[in-house]
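Here the chain labels run A, B, C, D and E in written order, and each chain numbers its own residues starting at 1.
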Amino acid sequence: MEFTISILALPLISFLILALAGMKLPHKVAGGIGTASLAIVAILSYVTAIQYFGAGRGADGLFPTITPYNVTWLPLGETLHIDMGIMLDPISVMMLIVISTVSLMVHIYSFGYMKGEKGFQRYYAFLSLFTFSMLGLVVATNIFQMYVFWELVGVSSYLLIGFYYTKKEAIAASKKAFIVTRFADLFFLVGILFYGYYAGTFSFTPDVRLLASAGIVIPVALGLMFIGGAGKSAMFPLHIWLPDAMEGPTPVSALIHAATMVVAGVYLVARMFPIFIEYAPEVLHTIAYIGAFTALYAAVVACAQTDIKRVLAFSTISQIAFMMVALGVCTSADPHEGGLGYMASMFHLFTHAMFKGLLFLGAGAIIHAVHSNERSFMGGLRKYMPVTHITFLIACLAIAGIPPFSGFFSKDEILTACYSYSPIMGVFMSGVAALTAFYMFRLYYMIFWGKSYYETELKKYQKGEIAEKPHAPHEAPWTMTTPLILLALVSCIAGFIPFGKFISSNGHAYEIHLNAAVAISSITLAVAGILTAAFIYRKDSNRVILSVKVQSKKFIIAAYHRFYMDELWLFVTKRIIFKGISRPIAWFDKHIIDGFMDLLATASQAFSYSIRRFQSGNIQSYCIWFLHGVIILALILIFLV
Amino acid sequence: MNYIQFLEMRPEISLLAIFVIIFTYDLIARGKWRHYFHPITCLLLMLHTGICMSESYREIDIFSGMYYTNSMIGILKTILTGGTVLLVLQANKWLRSANTTHKQGEFYTLLLSTLLGMYIMISARHFLLFFIGMELASLPLACLVAFDKYRHHSAEAGVKYILSSMFTSAVMLYGISFLYGTTGTLYFQEMTSGIDGSPLQIFALTLFFAGMGFKISLVPFHMWTADTYQGAPTVVSSYLSVISKGAAAFTLMTILIKVFAPMIEYWQIILYALTVLSITIANLFAIRQTDLKRFMAFSSISQAGYIMLAVIGGAKDGMSALVFYVLVYIFANLAVFGIIETIEHQTRSNVSRDDCNALYKTNPRLTLLMTLALFSLAGIPPFAGFFSKFFVFMSAFKAGFWILVFIALINTVISLYYYLLIVKAMYITPNETPIPTFNSSKYSRISCVICLAGIVLLGICSFVFEEIDRISFGM
Amino acid sequence: MNILNLFILIPIVMLLALWASRNLRQIRSVMVVGSTMLLALSVYLTIDFISQRNAGTDTPFLYTDSMTWYEPLNICYSIGVDGISVAMILLSAIIVFTGTFASWRLQPLTKEFFLWFVLLSLGVFGFFISLDMFTMFMFYETALIPMYLLIGVWGSGRKEYSAMKLTLMLMGGSAFLLMGILGIYFGSGATTMHIQEIAEMANIPTQVQYIFFPITFLGFGVLGALFPFHTWSPDGHASAPTSVSMLHAGVLMKLGGYGCFRIAMYLLPQAAEDLSWIFIILTTISVVYGALSAISQTDLKYINAYSSVSHCGLVLFALLMMTRTSCTGAILQMLSHGLMTALFFALIGMIYGRTHTRDIRELSGLMKIMPFLSVGYIIAGLANLGLPGFSGFIAEMTIFVGSFEQPDLFHRTVTIIACTSIVITAVYILRVVGKILYGTIKNEHHLALTDATWDERFTVICLIICVAGLGIAPMWVSDLINGGVSNIFTILHP
Amino acid sequence: MIPAEYYLVLAALMFFIGVFGFFTRRNLLAVLISTELILNAIDINFAVFNAYYYPEHLEGFFFTMFAIGIAAAETAVAIAIILNVYRNMGTIRLKNLKKLKF
Amino acid sequence: MILNTHAIIFMGLALLMVIAALLAVTTRNIMRATVYLLFVLFGTAGLYFILHYTFLGAVQVTVYAGGIIVLFVFAALLIGKGARDLTHTSILRYTAGFTAAATGLALTTYLIFTHQFPDVKPLTSVVPINLIGHTLMGSDKYNYVLPFEAVSVLLLACMIGALLIARKR
């Protein structure tokens, strides 16, 4: 599997070429370089997957973990060292496929979406950088390599969110994204440090005896690592950066903030799963509760958003929380006995990447058409954008959990896992799933149905109320629709992949079987959600919606403002850290510490001034001092010494 | 009546001979011959320096222990003479100015007599001879301080100097009288055995110390220094600050280790106190000064404090550190005073720090020399001052006075501050009308170059110090 | 002849050549030739050193040479290098080289500027090759004093105040230092000032160590911007001209860390062991406090200066943690911070040279006007906040991993506190990037500004390559340093 | 026989009366006169020590003799300088001699 | 103590000297001060005579009374009105000066009386003049030819100096 190195190398080379020489290249060439390299990477990834899974299981019934490359990058002390390498195991191979697929789609899509933008080359450079880092993250052979690439994806995310660097919101959003995740990474780092010290290695397969003897430290370390993962995966209350991150170009949102980077947290937990389940099941369950709460919170907030990308963002948060819950509800490594969640989570990760990527790309097409994110500028678009409409609908159905679309299968596994963990969790998550269906279709209806903004405007124009003729929404160019269609196809069929054969919590093959009760109930709930949404949002100015809105106005407003989490964070950062700590420290430094140093100088100056009278110019006082000096010295020497 | 012994005192005799030659020349030379006065004097003095140097490697004990010299003393005499040569070279312009030119002869004779006084003072092993030497070194100096007799400042400085000098020598004599009264002798050698640290002797020691402290200008016996330096002709201030001070410091050390050795714990306390006071108070005063000569006065008080660090251990390495310090200090201080002197010729009045503003623009070389000299005074490597300071600190530290060293070190920072103020004035402070570009006299330039060489090379070329260390002596 | 002598001889020759040169062209050629030679020499030294080590020579120092200087006082001119010094020499050569280009167009008094500049680098090189405490101290002070004129004459803003403050505080530090050196020399009763020999004698009484360790550490610590003696740094850096800031933050501040390690800790191991906690607290404060102060500054150079306080605090912090790994990390951090901060100061200088303001409230949208500088700035920023692939990351990680080897609660706690600095760093870096580079142009005068000239580009690119090179391939530097650290640890932590 | 201490105390009295005069007189000549008193006191000291305790050699005796001579020289120089001051400033009051200070 | 001639003369001289000295430092008139000084100097000469140092007494009278006093008188006359010492000194300096002098005196007296001086070996006869001559010109131990030569240079230098300063040009 030595060729896998080129999976990493190609995006990097592409990045370097574009970054160093990009500005001199024409747009098409630049985009071409990026896309071509990604296409090769995608092909290689598929080849890898085929070869890897095709090679079959080893004697122990597991897919072997292959490490084609592993070099010591930085030795640290006698035992510890940071390695850089490539490790192939089921989940990393799966992630390779996900990343390269979505990334390739996004690369192609961006040709159309970013056409003519200033900084087109830069954009592709950053995409390549991101892809490189993300791939590096998933194939990491050890936790520190993961951290290294973890930071790199963070920074590429920062750069891409701030792509429109003249936009105030984009700058703020990129900053926020980076700092929040960085804050979480701090815990990740400390977790790694604990882990490294007690496990004596950074690798994922530490010496069991060492771990066992470490006691409470390992759960703590894992918990800290999870906080890092929660930051990247936008778990409550570290989710605040993700909605804002939508300021970046939409394809970027699709790639980074829906399909790949945000699931890094899930991937991290999955990666550390054997240790979690062995040494820190309590932590795992805590993750489940956090995930459950996040899922609900995000779903509720999603119901109240008007910006379509925000809706998708909260939907992403909610869906990732599903994956977290799935991991968290695992009680053993055996998929048959409470270990199902692991597989479910990975499965959902896979399918979610596809349909959420699709949703975002679709949303991108819509935004491309109407030049706005706000739903008030949309409505009735199904006539104008048929391809987008259909693919979007498929994605919505997938996420809502309607068979036979992929989301149904993966979500069903999650719910099954939840029920097996505890019925309450199951019911709760089912409820959230229903809510998911509701808000997705709310979105769907608002965009594609209802009163067309364009038509209203057109009328106004014709009446002469407005001077400018509105742009007619138009279907996206082929570069954009092709990825939509491809992803829609994947979303349709991905559910039928026998996922459990490849990935499961203990590595042995696991046959996915639908739990009829769960499936039926979840389908029912989903349909109910869809119907409610259709009832309320299909037509404008529905009376029910108005009465609901009036009755729960406060709640809706609160949900719209994401329950004021951002304000809370803002308060902490601006008021407490900036104004409450940093300013006073700066003041303290300038006036107290520096002031003290200056005081030494001024004091000696002042003292120097005050003693000048001794040098009065009078020879007699000089001699008086002289004699006094003599006498005092003599007295001291004679009587005191 | 073994008068042949006089012939052994070759440096003194040679100096006296020059004294006579100059005196006679002054009487007879008229017209253009007076133009040659300065060069001839310089040549004679250089010749004399050579004689001193060649005579320095001899140990002589004549007049039954009244006069003693060895290589260290010989070298010190050479150093002092060399310094005087540099000083006379710098004085060229001043000596030829209209007010002074007819007094040239007196200047030289007085200067040489003070130098002779210092020779005697250094070599004396008897308090009477020492006292005469000291008076010989200071009374003509009073006349030199008041040399510009129609300048009010000079007159005032002269009277301050002579009165405080008289007062001090009286105080010191009083101390010597008690020493005599308690030990019964005035010979150093005999006196040591009589020193037993009785209170009266401690009192005498203090009085004696005060007298020496006056010459070296240690706080609180320093008060005359600033006024005198400021008022006196620059050459004389320069002479006072280096040659006179160096000789006195060395004498103090020899007397302390030769005579007062049994009372070491007492005089170490005195030195401790005086060093701390000198360095600190002088630094505090110096911060505020704007008149450069006055400023240099306080600087020299502070430097005297550092010299005392070498004395305090009373050991051999202290002695070598002291002599080396004096040597380096002569070069650096003479350079500074030489520059003040040349600038003074442009400003026609006392030089203040503001006069130096932006001097670099017009006189870069002079400024550079001044900077280096100031750095050397402040103890900045790689200039010689750094080495001399380091050796002094080492000797004091070795003697166990590490808190004292610490205080002195902290004070180097303050001293750096005020030296840098001048550097700042010369380089940084903007000035629309800096002193225009000028050329100093040939002689003064020679002297400056020698000073520069001294400042730069003395530290790096270790043989000078090693040689001094080889011949130095201690308790 | 020992190759190390060239590090002193070349600057001296440069000084003489500069003194003799008449016009700008000659000055520039002297500087370019000289600094290139130094760089080439240091690269050669590094390679040769590594190959000698690989060949198996295991004496603590290579290229050793000793010449008695002041025989009565046991002062020798002893030189020699271990891995740490080689790394530092390389760093210095790079900074001197790039600093030359960064001050390519400096006016007025170019000749004088370079004279002092070269004198400064002479001191720096001398310091790193010295093994004798006296010569070390001598070169140390030689390196400090030119700062006064370099800032005072060619600086900007409150240059006189800043220059004076900087010089006095650093000289105050060196007063402590001299005290420490004398204490070590006399305390050990040695008849030599050679560091290695004193260390091997190891007979300084513990009580003496207790007195002189804090003194020596403080002495070097002032230069290493140890809280609360760091206040010279913001003002000094803010006022200094570009290349001086580069050299000062890049190299001179490293003298502090290097000295702490080489003299304070190496020669006074027992006290270092017992008293490190005091300084650990101070350095932890430095790290966090510097970073927090940087957040609310508005002057670019102040931000970077406080950032330096934080990063240099981390160097001392890591040294005091006293594990092999953390000390290796500390040296790496010195290298990394030297390069990064030089890059930063170079960029700030270039931006300031165009906009004539460093106030982040007055700058915005520079990305549009000067893309090269802006990209450089972003890279510098990212390197500074510890992005993998740049040197800052490996240094910080090595430090933190190393610090974690001290398993007791105190060390753990302070390590975690120090870790938070990486987040705070991100905050102030991104704040600046967001404010000055991104956004729209507020000041229309800025529209007329141009991007970097060739010499500026050269400077920036060189430094970026170094920063990235160290960040991507840290193994060889790490190995290089490790040898030196191990040798010190045979005494420090046997 | 009068005890030597009496002489010494007398000399001390003279010395400190002179010192007192030196400190408080406002006129340069008067200050100089006080100085003469001081020097005189010291001479007495030397003579007495020699005569009472160490008569075998004439050390104190000669010291006194030389001191008298030197005192004369000092006085001469001092008076010359004082006259010079008078010529320059028209006064010999000490309070007028404060141009150089601080 | 038995009152003998010596004692009476000493007492008288001491009284005279102290009173004259006090007057010399307090009188307002410079001429008077000079005269009081003269008295003190004569008194000192008297002491020397009592101590059998007749030569010293003679030197004292010639050099001091004959030389220095005349100098003072000349100076006072030259300066004339400016030499009057009318103003009162400031209280502060007066006090400080007095304190210093009084403390010094007290300390000295205390030390003189507490110190263990060696046994008194009084002179019984006048020091012969030829001994003085030989001692002055001898080069052996306790002979003073070297100081004698040195002091000659000193006097010459002072003469040059004093002339330089005092002459009009």
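One rule holds for everything that comes next: a residue touches a chain if its C-beta (ideal position, glycine included) is under 8 Å from a C-beta of that chain, and two chains touch if they have at least 3 such contacts.
Since the structure is predicted, the reported quantities are computational estimates derived from the model, not experimental observations.
Asker: Which other chains touch chain A while also touching chain B?
Answerer: C, D, E
Asker: Tell me which chains count as touching both chain C and chain D.
Answerer: Chains touching both chain C and chain D: A, B.
Asker: If you average the C-alpha positions per chain, which one ends up nearest the average over all of them?
Answerer: C
Asker: Need the most distant chain from chain D, centre defined as the mean of C-alpha atoms.
Answerer: A
Asker: Among the chains, which one keeps its Cα centre farthest from the Cα centre of chain C?
Answerer: Farthest chain from chain C, going by C-alpha centroids: E.
Asker: Taking the mean of the C-alpha atoms as each chain's centre, how many Å separate chain D from chain E?
Answerer: Roughly 6 Å separates the two chain centres.
Asker: Using CA atom averages as chain centres, what separation in Å is found between chain A and chain D?
Answerer: So the centre of chain A lies 96 Å away from the centre of chain D.
Asker: Just give me the whole-number Å value for how far the CA centre of chain A lies from that of chain E.
Answerer: Each chain's C-alpha centroid was found; their separation is 102 Å.
Asker: In whole angstrom, how far does the Cα centroid of chain C sit from the Cα centroid of chain E?
Answerer: Chain C and chain E have C-alpha centres separated by 70 Å.
Asker: Mark out which residues of chain D touch at least two other chains, giving numbers and ranges.
Answerer: Each of 8, 15, 18-19, 22-25, 31-32, 53-54, 57, 59, 62, 66, 70, 73-74, 77, 80-82, 84, 95, 97, 99-102 in chain D touches at least two other chains.
Asker: Enumerate the residues of chain A that touch no fewer than two other chains.
Answerer: Residues 601, 612, 615, 617-621, 623-624, 627-628, 630, 634, 638 of chain A touch two or more partner chains.
Asker: Where in chain C do residues touch two or more of the other chains?
Answerer: 168
Asker: Which chain pairs here would you call touching?
Answerer: Those chain pairs satisfying the definition are A-B, A-C, A-D, A-E, B-C, B-D, B-E, D-E.
Asker: Residues of chain B touching chain D in their complex?
Answerer: The contact residues of chain B facing chain D are 127-128, 131-132, 135, 139, 142-143, 146, 149-153, 155-160, 162-163, 166-167, 169-170, 173-174, 176-178, 180-181, 184-186, 226-227, 230-231, 288, 294.
Asker: Which residues of chain C touch chain B in the complex?
Answerer: The touching residues are 69-73, 75, 134, 138-139, 141-142, 145, 148-149, 152-153, 159-160, 163-164, 167-168, 171-172, 175-176, 178-179, 182-183, 186.
Asker: Any idea which chain A residues touch chain C in the complex?
Answerer: Listed in rising order, the residues are 23, 72-78, 80, 82, 144, 147-149, 151-152, 155, 158, 162, 165-166, 168, 170-172, 174-175, 178-179, 182-183, 185-186, 189-190, 193-194, 196-197, 577-578, 581-583, 585-586, 589, 593-594, 596-598, 601.
Asker: For the complex, give me every residue of chain A touching chain B.
Answerer: For chain A paired with chain B, touching residues are 601, 604-605, 607-609, 611-612, 614-615, 617, 619, 621-623, 625-630, 633-634, 636-638, 641.
Asker: Enumerate the contact residues on chain A facing chain D in the complex.
Answerer: 612-613, 615-620, 623-624, 627
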